[in-house]
Amino acid sequence: MTYQFNFDVIFRNFDKMLDGLWLGLWLAALSLAIGVVIGLLVAYARQSRLAGLRWAVWTYVEFIRNCPILLLIFFVYFGLPELGIFFLGKIESFILTLSIYAGAYLSEVFRAGLASMPARYVEAAKAVGLRPVQRQVYVILPVMFRITLPSLSNNLISLFKDTSLAAAIAIPELTFVTRQINANTFRVMESWLTASALYLVTCYAIAWLLRRVERRYAVIR
Amino acid sequence: MFSFEPGSFLFEIWVARNGLLAGLAATARLSALTIALGSLIGLLGGIGLTYGPWPLRILLRAYVDAVRGIPVLVLILFSYYGLALLGIQISPFTAGVVALGGFCGAHMSETVRGAIESLPAGQAEAGKAIGLTFWQRLRYVLLPQAIRRLLPPWVNTAVEMVKGTTLLSIIGVVELLLATQQTIARNYLVLQFYFAAGALYVLFNFAISQLGALIERRTAHFHY
Amino acid sequence: MTDALPLLRAIDVHKRFGPTEVLKGIDLDVQQGEVVAIIGASGSGKTTFLRCINLLEEFHQGEIQVDGERIGYVEGSHRRLSEAAVSAQRARIGMVFQSYNLFPHMTAEQNVTLGLIKVQGRAKAEAVEIARRWLDRVGLSDRRDHYPYQLSGGQQQRVAIARAVAMEPKLVLFDEVTSALDPELVAEVLAVMQDLAKSGMTMLVVSHEMLFVREVASRVVFMEGGRVAEQGPPGELLVNPKSERLASFLGRFHGVFR
């Protein structure tokens, strides 16, 4: 094993790697944002009186959770044009897929959060005279977000790691950039070590930041 | 839709059946091997994290935290190309099993550790009081109880592994996803085949989850 | 009997939990066949001392000998014995816990046979026979195939006692074994303990059950602040306490000593 480490190549391409990392973060953040909206809608739909609606969203959640995300990515990117949907570029298509994926998982998080809502907050909101929509906006949702903050943090970190799959459709995030560097320079060990380190550090940074947020907004039970 | 002429979905499935079945078999084998390897690593790792001397615990902790902070795809690519560079010639299949197994093992180690530590301290003490040695306590008292607590997370991890096998398509392992893509390349029935493959995965994973839930319900009466 | 070598001998045992010293020099001798009750307020160190005897707790200074053998540490030094050696020593000492600690994944009978088969190496048939005898003795022969969750607290504790004594230990330790029980279930457990005492078992009992202590114990040890403050026969100690602290401790148990 006479491999000689040479990180020069990495340093020369480091800015590209960082660009890829940054892109991944953006993809994750956007997907999380859209996923939260989807997740909330689905979570409320699960409580609906319409059995058909409940069943439909249950199917959506179960299907997405049990389906490999890579397959979903390909299905959306290659399959939707067949249905006539042509305007989605690579990145839009990936964000759509990841949002749908996140939405399914987040809907479960929100469902649990709503179910574990202490009754006294709802009762207090009613007693004060807030109307149903107001209750949701001013009391239930804020409390639920604080309750579910730890799960949301985990989901964001998972989502960020899942952005590496964008490489499968040639989106220039960190993993794809690393493969390109390898193709040009063959410095496989150095590049993957650097990429891994970048992901690790970023995940830890996100976790640290979110822990601080959690501490600030801890649920008062 | 249910015609059987050339160019229709049913016809094409029939034509491609061997390739798809081979892919399905590969997925099954990959899943089984990965889950087995991961469970073994997880069992030993979990015991090590709970009871090991501190150098071992630090090592295991580093392993678990590193694997959890790096995307699976990166782990797979790193393993495959890195090992090839070091002169170790292994097939993509084996590299995939190693990478996914290592990933699974890290998660399982945490799960096992959590399960053992959640047991009441009195159980280990009662085991000590009747003179059982460390390994006897693990085998007859602690692990049997921990296994029940392990079941839900283990089933989740198993499902994640089945889904994870699709990532091996990127390093050229012909599992179900890649087989499906190869079929699509020939007949261009993109939506139908991707959907069919997706349905297969969903059905299979759903069945595993339901089986796990069933076992859990059946053993719930033990109250431990 | 009093001149024979004591079955249990504790010499100047000290134990710390972090910066706090919990046992400040315990000296105690227990002869074979004695039933010694240890009483005292919570925090006096009585449970900690009990747990040092079968090395569930480590101690930093002093010696504990059971039947002449030094428990837990190598003769002449304070190095810990190997795990196998400690396990073998524990097998000769029985312990019954406050929260029973039965193995929930095993039936009552299996709880008792586990030690017999895996520690003492007996054949299964022999172990089952011994287990049934003991379960019968504690009044649970019809429950031997029940799991702990199907048993009441008192029944579980009686199984725990059977589990401890079936291995024929030299000494049995009882750690507040009735404190977690509903009052109506206490009597059945105390009855079993009284039966064991009468048959000559050497018992070291930490308890708050003063009536039981007065009836069954051959000696009472009062612990306070990590030390043995007073000891003597129950008839004397409980009725005429010599120290102020023991008197005030006993005063809490109204009506027991009139």
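For reference, chains read A, B and C in written order, and residue numbers begin at 1 within each chain.
To be clear about the criterion, a contact is a pair of C-beta atoms (placed from the backbone, for glycine too) under 8 Å apart; a residue touches a chain by one contact, two chains touch by 3 or more.
Just so we're clear, the structure is a prediction, and the values are computed from it rather than from any experiment.
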| item | value |
| --- | --- |
| Centre-most chain [mean C-alpha coordinates] | B |
| Chain whose average C-alpha position is farthest from subunit C's own | A |
| Centroid spacing, where centroids are CA-atom means, of subunit B and subunit C in whole angstrom | 47 |
| Computed distance of Cα centres, subunit B from subunit A, in Å | 21 |
| Mean-CA-position distance for subunit C and subunit A (Å) | 56 |
| Subunit B - residues contacting subunit A, complex | 66, 68-74, 77-78, 81-82, 84-87, 159, 162-167, 169-170, 177, 181, 184, 190-191, 194-195, 197-198, 201-202, 204-206, 209 |
| Interface residues, subunit A side, partner subunit B - complex | 1, 3, 62-63, 66-72, 74-75, 78-79, 82-83, 161-165, 167-168, 175, 178-179, 182, 188-189, 192-193, 195-196, 199-200, 203-204 |
| Residues of subunit C that touch subunit B when the two form their complex | 54, 56, 83-84, 87-95, 97, 99, 101-105, 114-115, 118-119, 147, 149, 160, 163-164, 167 |
| In the complex with subunit C, residue positions of subunit B that touch it | 120, 122-123, 125-134, 136, 140-141, 144-145, 221-224 |
